[in-house]
Amino acid sequence: MTDLRFDWARRDRTGVAEAVLAEGKSGAQIRQAIVGAQTRQSSLLLTRLAAAPGEELAAEIGTAFDYDAVSRTAILDHGLLPTTPCDALIVTGGSSDLPVAREAQRTLRFHGLDVGLLADCGVAGLWRLTDHADRLRAAPAIIAVAGMEGALFPVVAGLTPALVIAVPSSVGYGVAVGGRAALSTALATCAPGVVTVNIDNGFGAACALIKILRPGAAPAHAS
Amino acid sequence: MTDLRFDWARRDRTGVAEAVLAEGKSGAQIRQAIVGAQTRQSSLLLTRLAAAPGEELAAEIGTAFDYDAVSRTAILDHGLLPTTPCDALIVTGGSSDLPVAREAQRTLRFHGLDVGLLADCGVAGLWRLTDHADRLRAAPAIIAVAGMEGALFPVVAGLTPALVIAVPSSVGYGVAVGGRAALSTALATCAPGVVTVNIDNGFGAACALIKILRPGAAPAHAS
Amino acid sequence: MTDLRFDWARRDRTGVAEAVLAEGKSGAQIRQAIVGAQTRQSSLLLTRLAAAPGEELAAEIGTAFDYDAVSRTAILDHGLLPTTPCDALIVTGGSSDLPVAREAQRTLRFHGLDVGLLADCGVAGLWRLTDHADRLRAAPAIIAVAGMEGALFPVVAGLTPALVIAVPSSVGYGVAVGGRAALSTALATCAPGVVTVNIDNGFGAACALIKILRPGAAPAHAS
Amino acid sequence: MTDLRFDWARRDRTGVAEAVLAEGKSGAQIRQAIVGAQTRQSSLLLTRLAAAPGEELAAEIGTAFDYDAVSRTAILDHGLLPTTPCDALIVTGGSSDLPVAREAQRTLRFHGLDVGLLADCGVAGLWRLTDHADRLRAAPAIIAVAGMEGALFPVVAGLTPALVIAVPSSVGYGVAVGGRAALSTALATCAPGVVTVNIDNGFGAACALIKILRPGAAPAHAS
Amino acid sequence: MTDLRFDWARRDRTGVAEAVLAEGKSGAQIRQAIVGAQTRQSSLLLTRLAAAPGEELAAEIGTAFDYDAVSRTAILDHGLLPTTPCDALIVTGGSSDLPVAREAQRTLRFHGLDVGLLADCGVAGLWRLTDHADRLRAAPAIIAVAGMEGALFPVVAGLTPALVIAVPSSVGYGVAVGGRAALSTALATCAPGVVTVNIDNGFGAACALIKILRPGAAPAHAS
Amino acid sequence: MTDLRFDWARRDRTGVAEAVLAEGKSGAQIRQAIVGAQTRQSSLLLTRLAAAPGEELAAEIGTAFDYDAVSRTAILDHGLLPTTPCDALIVTGGSSDLPVAREAQRTLRFHGLDVGLLADCGVAGLWRLTDHADRLRAAPAIIAVAGMEGALFPVVAGLTPALVIAVPSSVGYGVAVGGRAALSTALATCAPGVVTVNIDNGFGAACALIKILRPGAAPAHAS
Amino acid sequence: MTDLRFDWARRDRTGVAEAVLAEGKSGAQIRQAIVGAQTRQSSLLLTRLAAAPGEELAAEIGTAFDYDAVSRTAILDHGLLPTTPCDALIVTGGSSDLPVAREAQRTLRFHGLDVGLLADCGVAGLWRLTDHADRLRAAPAIIAVAGMEGALFPVVAGLTPALVIAVPSSVGYGVAVGGRAALSTALATCAPGVVTVNIDNGFGAACALIKILRPGAAPAHAS
Amino acid sequence: MTDLRFDWARRDRTGVAEAVLAEGKSGAQIRQAIVGAQTRQSSLLLTRLAAAPGEELAAEIGTAFDYDAVSRTAILDHGLLPTTPCDALIVTGGSSDLPVAREAQRTLRFHGLDVGLLADCGVAGLWRLTDHADRLRAAPAIIAVAGMEGALFPVVAGLTPALVIAVPSSVGYGVAVGGRAALSTALATCAPGVVTVNIDNGFGAACALIKILRPGAAPAHAS
């Protein structure tokens, strides 16, 4: 039975490739996707792949299957795009936000973009952000990852002309549980130039960044 | 007493000008902002300005004060930027979403961008969207405004390589009341390339679009 | 002690048989229901039966006890109704929705209806739905299962004259957690002809479909 | 400017006509829809039309515009379908649910179905329901409207083989405010054969009923 | 260190004894309470005591420690009150509600009341309730336990002159998760004579019943 | 048309009379209930009746119609029960809770019980409660009305052997808005002997009190 | 009838005087409190007093009744404490937060403290805060008032050794509606030294500040 | 890679040291922080450190690493401040609140303050609080920890002139789950002088207390 109907044309149609969200899928369904990619000689990105199956698949497939336990992402490599360095940035509030930040970073790399990551820039010590002021101002766009109260999002937006793509992370407890407080900060802020994606959705933030930076998105009023 | 400390340098620092959110401010505070702008010979955008004070100010100040009752925005004109046509688009799900869509459109115009608006493209009749397929595919970025269940957001994202900036609108009743259902659709969708702003925040969506299209945001990997 | 008072007459009274919701019941209570059915020579449907007791009971009872691990349903077979093919359809947004879809499919089969299942038809690639346009239009009624943002529900409803019975699934994370976002889409949509049941309630959707298709429900205004 | 793009083909495509949800639309937009219908010699249904514009339009257009203040619906009559009597039923929990029940009843009449309404059948006095037991059992499908705690939905479902389309109404206070308690009852009940639509959505319930009763929905396994 | 300051005088002051809510307490704290009771030759009720420590304590203390795994309650018996039969009743919607119902029953027994329990009386088959009509009408007060949508509460209240103490149980999934839907039914119903306690709080319902039935509560207007 | 089917037998069946919840009913529906009562020479209680119709009806019907603007209740008097003094009590946290407390008091009076009211006993000054300690301890049952955080409920319950029927009131702002904080206190408290009704439901609390005090509820174990 | 039992001894017992929360009280109840204060020659603070009664009372009582329309507070002056200047500060995010900030400022003045107010210090332009760095560092404690996303709270806390008493204001729309987003920021932040009070509770923040600054609160470990 | 950028200067800047919130951090990140502190000869506080890594680190580092399993805190001791006794108090509602109370107590000790803890003072038996009345009145400030309904907060505030820092704990079930009911009590109370921190945030409450008691916070108006 063919449960999985993969959208192999999505990259051509929308600029980003379909990825496999492993969470909620059975082992058989995940393997079906990998075999499909291998058959087409196509590279494949998997997200939210737990450690046990991830490492098992890496052992089985070998170096073509690059699993990263921090971000729980895997890249099946049938010839990735060469990476281009890029001034866009990923910024995180705390070190607990790294899994989400790395999901974004590895999604960007899968699409050929090499983007820097500034960790642990929470606003309780503003110097951790202002130390990076020049890079923040020079970036064409910024992915900001933060849990707890998410005050990182408006503060970064006030320091840069770049669009800030907020990724609320599920780090926190009490009223912050599951990322709700950080999400409401991203949405409620009056600091202009903040947009948001779902909680912990590093993949989605990377897709947005790719769409902003694609050649076709060159500014119509730039001439 | 000077309650209002306006951020006149915001446009230079972040690419978008500070606007006055009139809702929640007293008449005296609104006038203080207008006088401040007049003194500096500066143009000024006001959002969520109710009809009564909006029309009263228009009568008093004259043609330099352009009030639009549908979007409840006013533009104090001390020499606006010349507008540049631009292939970005604003798309709405229903005709009730027009106030929010026009807030975005007028904010873009205030910043010198002339962006088209496609109204009443709800997914219950897909032909209303697919009729515009070419324009959707050619747009560098799209602002989509929808209330009710907000299914417009993922459907548009599946049809275009452009980033979709979702603006949930507060149109709807029952579980949709206040825009919550449309907001959760914008965040929960797995269609890649959808980012969102707060409910009814046409101004914020426009700011995001301006930041994406600004010259400085030219793709680093485009060469 | 007789905790469980089974409603053996429910099928005659309401058209659908009472099923045993195994979740939350003790092993002793589940066995009590099975013994009751065996004594009456009655077939029995069990839902949300975990793998361990399900497989244990299958080993013990033998082929008369058909346990399906994907849907976590079991059918105790004391002579099921012969199945009738039927043009109704089950459609899912993603492959992670299959457990719920199969609960519906197996409930229908228990009541003598053989209904087809179209998996992985999410709206991010509309071709996955439009490929099936003829079957969608010919169906007397459709069960649609989707998690995440649930945009499948209104899009299907716009393509068919059939009633769409939405089953939000608990697939998703962040604001979609537990199926809430998909549920609010099913309720909030203005696409007419969408009704909904509880999150993950494949059983309930099947019961609704059975009631729609029963002879007694033949259209009074059809003559 | 043409804001409103009406889906005149919806009845042919999906079996129910597009209606105008007047709430949230400007007077100009409502008139635009009416003029469009008059030009096409097409009948038109408007829902959630407030008393002031409803009566003003009735005075202006005359007998062809039938406004009902209880349900806040209007029917522009350019030749309605002849009505067919039908054994389906509308049942309400309390007399405060009548506005919603009549929105359903008038939507059905607009589509040619004459359906009876049993008011004030709340479960606090079960005799109010059991008095109607024969009609409940004979109905091909039932629309049940209830606010407060909505216990009407499972109780009716236990008395009849018909599908119950629950319409939670926004009648109630405290935890029932806005219809939330009745909605959760409709979704959470384990009484099989209950489906639900959005709070106060009498129109949607009627659309669902029409789709169930349409000739094309004749039971495939009835022969 | 004496963390636990037990309110040994509570029974005299308020009519019900303080019980130990074991959940959230450490093993040392639970033992401290038991030793305190043993020292005072006082009986003691423990609720929400998990199976492992419950059975370990029973093995250690012997027959004076009566642990019931279904309700997760333990009674340390230093001479309980003689039980008095009583026409009050405990009624449950489904067999999954038994743990909560038995917590109530055992709390009543601890205070000297022997109260009957009618299980599996859900409203989807009204005969399961109406079979007991005489006992319901004769009861001085009724504890009703139900999860899912909780329609049992208003239906019982409509059949009896007794006060109905509703205990929403956490049985259910989707919108019923954690007992929220049943709780809102108990609060929102307009059937008079329903009061409610917290979700799964069988202990609290029993305390309320004890207070209603105590001699001091004899009706002032009964003479 | 007869929308309203009044449950005239409810008092005989359940011990409390059906009352008319005027909120949400049309003027015609309210008059229909009054005329029905007048025809039967029956007394009638109306709750949540706004000032304008309440005073208009009082002017029209005369002294037989007793409208109280504070509690928004009306009593149509066709011979009320003689009142019996009774030691039960109504206690309020603040003076803003009086409308709810008086709805309870007048409902009790309608059923022949004359119950005292202690206003403004909030816990921020405990002396306001302890001044009444003797009456609290002597009461067979207590209705406590409180908004804000509702700490009155557990504190009263700790001072008396009586059952405390909590009525959360919608007094408060911020997180207390609509009575939610007081409701959660009433449910979450571990002070035994607190039961609750819906927010602002003084009528329901009175019905519960009547059922507790009725002769038939005399304690079975009292002899 | 004496509904209102004023806690005249509260100032002696707890350090802050009881104030009258006018919202939700009838005109008669408010006058009763004023007369009580006049009789005792006591000053009185009223909060949330609407403009109409506030100005009416000012006209009637004269200069001893100081009503401030912005904060909706009134001070009945029977000899206030002499004011002491104090380095504590009130800081607001936007000019719409002034009503709440002034409620705090006037409550402090009523208790004899003259505290400065820095308005419009939102974090979207950090210079608005850092301009005041010296005063922030020198303050013994700071009241911060902010609506929208409330990022002001953690940013101020990172700049000062003072305790920050956050007052979320109900300024905002969408997810910020009613102050919920700002409240969750105040609670969720990991910036140490932020405590919070209820939304819009300027009075409560002032009471907290008074308690911190009272002589009795002098640091025990300071010697 | 240096993920963690520790704010070693925070104590000098804000009066409290940065602590490591271990929850959500990897073992490698926690070790990196400890090594950083050891290198600088700096003491370090870790919170929410699970038992397994806590005890492993204690075994490895030795007596300089003091892990407390109840509060899940660890103190790396490179010369702590000498402790000063202090009349401030920590009060808890129940013995289940001790983990949170001890997190506060150990944070205070880390900063040189030795603060007493009164456990099990829940309001259902007021004598448990009034026994301590003198200490409550003498305290410069009080940390109160309570789960369930949190009525401890307003009752303590009514008994003392001290500021009450409420810490809602996640102890409870049903509507109290996760600490929400206790949090809403802390925020909603009208008892003046209550401020709150996030659920279970004993660390944050201690930081607030430190800031209140620091020499710099001596009352400006005390002279």
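By letter and in written order, the chains are A, B, C, D, E, F, G and H; residue numbering begins at 1 in each of them.
Simple rule for what comes next: a contact is a pair of C-beta atoms (placed from the backbone, for glycine too) under 8 Å apart; a residue touches a chain by one contact, two chains touch by 3 or more.
Since the model is a prediction, treat every value here as computed from it, not as a measurement.
Of the two chain pairs examined here, G-H and A-G, it is G-H that is joined by more C-beta pairs in contact. Ranking all chains by how far their C-alpha centres lie from the centre of chain C, first place goes to G.
For the pair chain C and chain F, the CA-based superposition corresponds to a rotation of 180 degrees in steps of 5. More than half of the residue-numbered contact pairs at F-G reappear in one of the options G-H, D-F or A-B, namely D-F.
Remark: chain E and chain H have CA centroids separated by 35 Å (rounded to whole angstrom).
Mean C-alpha positions place chain C and chain H at a centre distance of 50 Å. Here the spacing of chain B and chain C, counted between their Cα centres, is 43 Å.
For chain E, residues touching at least two other chains, in rising order: 13, 21, 124-125, 157-158, 174-176, 183, 187-188, 190, 192, 198-199. Checking each pair of chains for touch leaves A-B, A-C, A-G, A-H, B-C, B-D, B-G, C-D, C-E, D-E, D-F, E-F, E-H, F-G, F-H, G-H. By the touch criterion stated above, chain C contacts chain B in their complex at residues 94, 122-126, 148-151, 153-155, 157-159, 172, 174-176, 180-192. In the complex of the two chains, the chain G residues touching chain B come out as 70, 95-96, 98, 119-121, 124-125, 128, 147, 171, 173-177. Remark: chain C residues 13-16, 21, 84-88, 112-113, 140-141, 157-158, 160-163, 165, 183, 187-188, 190, 192-199, 203-204, 207-208, 211-222 touch chain D in the complex.
Across the complex, chain E meets chain H through its residues 2-5, 7, 9-10, 13, 18, 21, 23-26, 29, 48, 168, 170, 178-179, 183, 198-201.
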